[in-house]
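The same chain A turns up in both complexes below, where it pairs with chain B and then with chain C.
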Partner chain A sequence: MGERLLSIEGLRVGFDTDDGRVQSVRGVDLTIDRGEVVAVVGESGSGKSVTALAVLGLHPKQRTVIEGCIRWHDEDLLAASEDRLREVRGGEIAMVFQDPLTALNPVHTVGRQIIEMVRSHRGGSKQAARDRAIEMLGLVGIPQPTRRVDMYPHEFSGGMRQRAMIAMALSCEPQLVIADEPTTALDVTVQAQVLELLVSSTEQLGSAVLLITHDLGVVAGLADRVSVMYAGRVVERGTIDEVFAAPSHPYTQGLLRSLPRVDADGSDELIPIGGQPPSMLAPPSGCAFHPRCGFAAAESGCADRLPELDADTHGVACWRRAEVAARNAEVGT
Partner chain B sequence: MTIDSMSLGTDLPDADATLAQAGVGRSLAQDAWRRFRRNRLAMVGLGIVVFLILVAVIGPFLVQDPTSYSKRVFLEPPTNQHPFGVDRRGGDVLANVVHGIRLSLFIGLLATILETVIGVVVGAVAGWFGRWTDAFIMRFVDIMLGIPYILLAYAFITVLGKGVAAVVLTLALTAWLQTARTVRAGFLQARELEYVEAARALGVPSRRIMWRHILPNVFQPVVVLIAVGVGSAILAEAALSFLGVGVQFPDPSLGRMIAEFSSDFPRAPYLLVFPGAAIMLSVLGFLLVGDGLRDALDVKDV
Partner chain C sequence: MTTFIVRRLVSLLLTLLGGFTVLFILFFALPGDPAELMAGGGNKNPSPAVVAAIREKFHLNDSVAEQYVRRLGETVTLSGTSYQTKEPVRDVVAERLPNSLRLAVWAIAIEITVGVGFGVLSARRRNSFADYASTLSAVVMSAIPVFVLAYLLKQVTGVYAFQHNWPDALRLPPIGIGPKEWYLGFIPSLEQLKYLIQPAIILASVSTAIVARLTRTTVLEASTMDHVRTARSKGLRDGEVTRRHILRNALIPVVTFLGIDFGTLVGFAVLTETVFDWPGLGSKVARAASTGDLPVVLALSMVVMLVYGLANLIVDVSYAWLDPRIRRNGGAR
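For the complex of A and B:
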């Protein structure tokens, strides 16, 4: 493992609303080392995007309460000044957004937007920044980058737009790229390509990737490590092999069972996870997953006590881990 | 289909042709101009505006001096020498109308420029800073808008005095309210846009975001407001002058001429036609252009 880039410890993010505090993130630990690809998986409202935005200090100051620690190298980003944050954003940590159609400004050409970003961080002449933009567009596999650089976002297809967005994010050689559901807005046919491109181009530049997604399937071949989030907490984390070979939290298992597999013989039924995601205004007591969990049992205290991750390597936050593992061995999954 | 295969990374041999065909690289302005050109009414409006500008620029050299009065003819119908007739002072109506158009355009443009600057600055401040700054400014705007326009203008001009400068100031000080509201709404909307968030996430400085990403967002409605604004300013100037508080004799004003000619209506009804038509044409021209711009720029909320 390389040098530690980012470490998030005990992060809690809450938003004050008229109905009370919505505690979106309730104690998240996450680390990313240099050059690593780390995936955060969870359904809508699990707090994964909120975590990412907190890293860059992008939550509005009013009505947002952030606790815990976000350490970037040796620096506490939560205590950083707005000027310092601006340097970090894009320069050291860049972000790729979900929908490139709305994340690119329609009134400026793609090139102008990359140039703007390069010059915001590195200064230099317009021509140099333009050359850099063309180079980056070429790097992400956009044909005819010298012409494409002067085109508007609406003249790009969805996949091309996201490539341009990636080119923009990578143009200042950030050490970390946060990709928030980078393929959700794309056609299924181009999703895989864009993801592969994201990972290969960051590899080329030596950047680490924090990949945020609700789709466990997309992370399988790409990520080194994965953290599964539920109701604002990490419920399982480990290397990709550990989590896929032996999913040990009932929620992770549920996610995997609800995923269509190309390599299955077709007899496997997709099993949805029953129930509704919890309201973060008033999350369930104890383990937030217990109302939807097939393993929940009163004697284990699932409804009363909040489980913590039980190990540093393949950690699972579940009071019934032993029982879940026993069942796994029985069924042979 | 073509786009799909391109996004797959396959460089098509005829990609150049395809791109050219798709009108690639055409800017927003070019697009808007194409749409504007296809709008017949808008082009009529543009024709009127261009004609009026020509009249204002060249006209004064072709007509008589509006302040020289004939000692012999008064209230005369159109003749070869006086195509628009002669007024009760013995002045040539054509000369007065031409100079009136010139002054109207001048006042309309100047007032609108002033009004736009005030409106954009105030609206941007309200929309950018938000919170109590916004609440304070917008409540003030609401109160001002609650006062009937002509009453408000009357109040201003009473304080500012009569004459051209006072009219320009009055028009500007009463018209910026709508611009401020529009700009502020655009700012509020744009602040929530994902590309503004994305620009922030990629470390673009706030001031740049404001100028490059948010201001263009309000550019289109402001352009429409400017075109419509010149039309309304001309109309308002005419109204003030008609009421006797606007442009004063001897400055030529279409509104003042209408007031004067309407008292001569029983004896010389034809006189009213020309300044009336000039006002109508000016207002119509700018409103048509504004409407055309609204469609061409695809502005929905002005």
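For the complex of A and C:
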């Protein structure tokens, strides 16, 4: 694809707590090119949201230890000044958060919250910013934007609120939008609409999207590439086709098997992944997935050695990739 | 909103009537014959003829119901006369109420500027030297008895400042109401300020400490809200985030406290009024109560209750300004 926008290299994020350091992200590599839609998939606590917040430096400074490199174009955001970060936030990289009810300030009108963002990046008159806010609300399909602009978040429905969030995020034409579980808090009926909107409106503006979700099904039709995270590391990455056609990490396979399928004839059972997500206070040794993994074997060293992603294109971090991949042929996924 | 205010005013009137009734009943239930008190005091053996004459004159022989009705009319129209000083009650209120209101308004102003200011500073620089210093002084201020604090202040400004030829602005008169020069009712002349500043500071001291602590807590709490993270992700400056997105949400409990406190400052500033010889309501009510001066006690108590009620009404109305969700739910119903 196009020019490289963001490249995260060896990112580690830890939080110092009274019980010791919680190492939420343990070496993540991730890239996004201009105009691309990249999905990061993983369960709660896999470190996907922590990674996203780290990009914009939104973690509290105290008690947070961030290592590695977050390269935005040619600069390292981890070394950037607070003033520079403020320019990037909202202006070049914007965020859409999970729950639009709590992520929007209840005491200000939706319009005001868009206006203050537009003005802080583009300056200009209040009226111009207001016109921009109305334009953006219209763009995301909110009816009667001239009236809606003066309403408060609680006067919007859940789906409308998230549309307003997206309008806000796009208002300064960012090159990248990070959407952190943008549909999780919404009614199932509007989830698809909102996702569609997110992707189509960013496409219109030429913005890239980093889509963070726990739902592998959500990303199928929307993303170009996907990274699957488990216990603070990327365990599999590739294009959507590669990962869906030949999931080669046991965790990815587990995720796919636990998804309901529309085209199934009913004979396929949903198979949950056994066991519990690991505690990041003391993650399992070796491959963090080995306690829950059906392929784990002592002779492969699953419990002792940490596997790295084995390729740049369809990379999998598993000592038994060959055996795992062979299974795809068996079940005919 | 109008319905809401009217309803609150009606309930305020009922509260006043209830308060009046309780005070009236207490007066008759408590030991001590008012006629004897007026004739010269319970332990002085006044002549029975005088006591009987007083009973007659002040209608103390009428039935309780008749007295209640007469007393109620007298209190509402402020047409009673002090048993002790023979002053019309109306004059007492006219003299004392403005003094109390002025002192209370300036004390509240100090609480808002200093209390909220230090609270925000403490919260934004949590665990810094400024935070510890502000916490420590808050504890000290609220732990030292008011009269000790007042004495110390007077020693510095009234004695030490004169001995060491401090600038005029720091040499303050120890007590008194001053020249009574007020612009627009509440703005003191420079000379008047010299008399006002000390009692205002002392009256505000304890509450300022409470406001600072309360503000610190609520600001810290509001800072962790999701929409504050959104505000930061939009690239707003720290100051803008605090002002627009943290403070508005953090202020509601502080405003509640200030509303209750205003009533207290108007009605119960007995210590400060006594130490600085500031002729306000509190000290007058205290004296009237100890001498059984029923007309004064009733009238001034009603005035204090009215101020209390109105202050809280203003607080409730200001909630609607602070939080638009209340505007719809509480206001329109």
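Worth a mention:
Note that in this section the second predicted complex is superposed on the first by the 333 of 333 C-alpha atoms of A that agree within 3 Å, B and C clash if a C-alpha of one lies under 4 Å from a C-alpha of the other, contacts with A are read in each partner's own complex, and residues count from 1 in each chain.
Just so we're on the same page, contacts are C-beta pairs under 8 Å (C-beta built on N, C-alpha and C of every residue); 3 or more make two chains touch, one makes a residue touch a chain.
None of the values given here were measured: they were computed from a predicted structure.
When both complexes are superposed on chain A, chain B and chain C clash. In the superposed model, B is the one of chain B and chain C that contacts more residues of chain A. In the overlay built on the shared chain, the residue A:G141 is in contact with chain B alone; chain C does not reach it. Touch criterion met: A:V190 reaches chain B, while chain C stays clear of it.
In the superposed model, A:H108 lies in contact with both chain B and chain C. Look at A:G158: by the touch rule set out above, it reaches chain B but stays clear of chain C. Of the two partner chains placed by the overlay, neither chain B nor chain C lies in contact with A:G35.
When both complexes are aligned on chain A, the segment of chain C among 4-12, 22-30 or 58-66 whose C-alpha atoms clash with chain B is 4-12. Overlap of the chain B and chain C interfaces on chain A comprises residues 56, 58, 86-91, 94-95, 97, 99, 102-108, 116-117, 120-121, 152, 155, 168. Listing the residues of chain A that touch chain C in their complex gives 53, 56, 58, 86-91, 94-95, 97, 99, 102-108, 116-117, 120-121, 152, 154-155, 168. Chain B makes touch with chain A in their complex at residues 3-4, 6-9, 11, 15, 19, 22, 24-25, 27-28, 193-195, 197-205, 208, 212-213, 216-217.
Looking at the complex, you find that chain A touches chain B at residues 56, 58, 86-91, 94-95, 97, 99, 102-108, 113, 116-117, 120-121, 141, 143-144, 147, 150-152, 155, 157-160, 163, 168-169, 172, 189-190, 193. Only residues 225-227, 229-237, 240, 244-245, 248-249, 322-325, 328 of chain C touch chain A when the two sit together in their complex.
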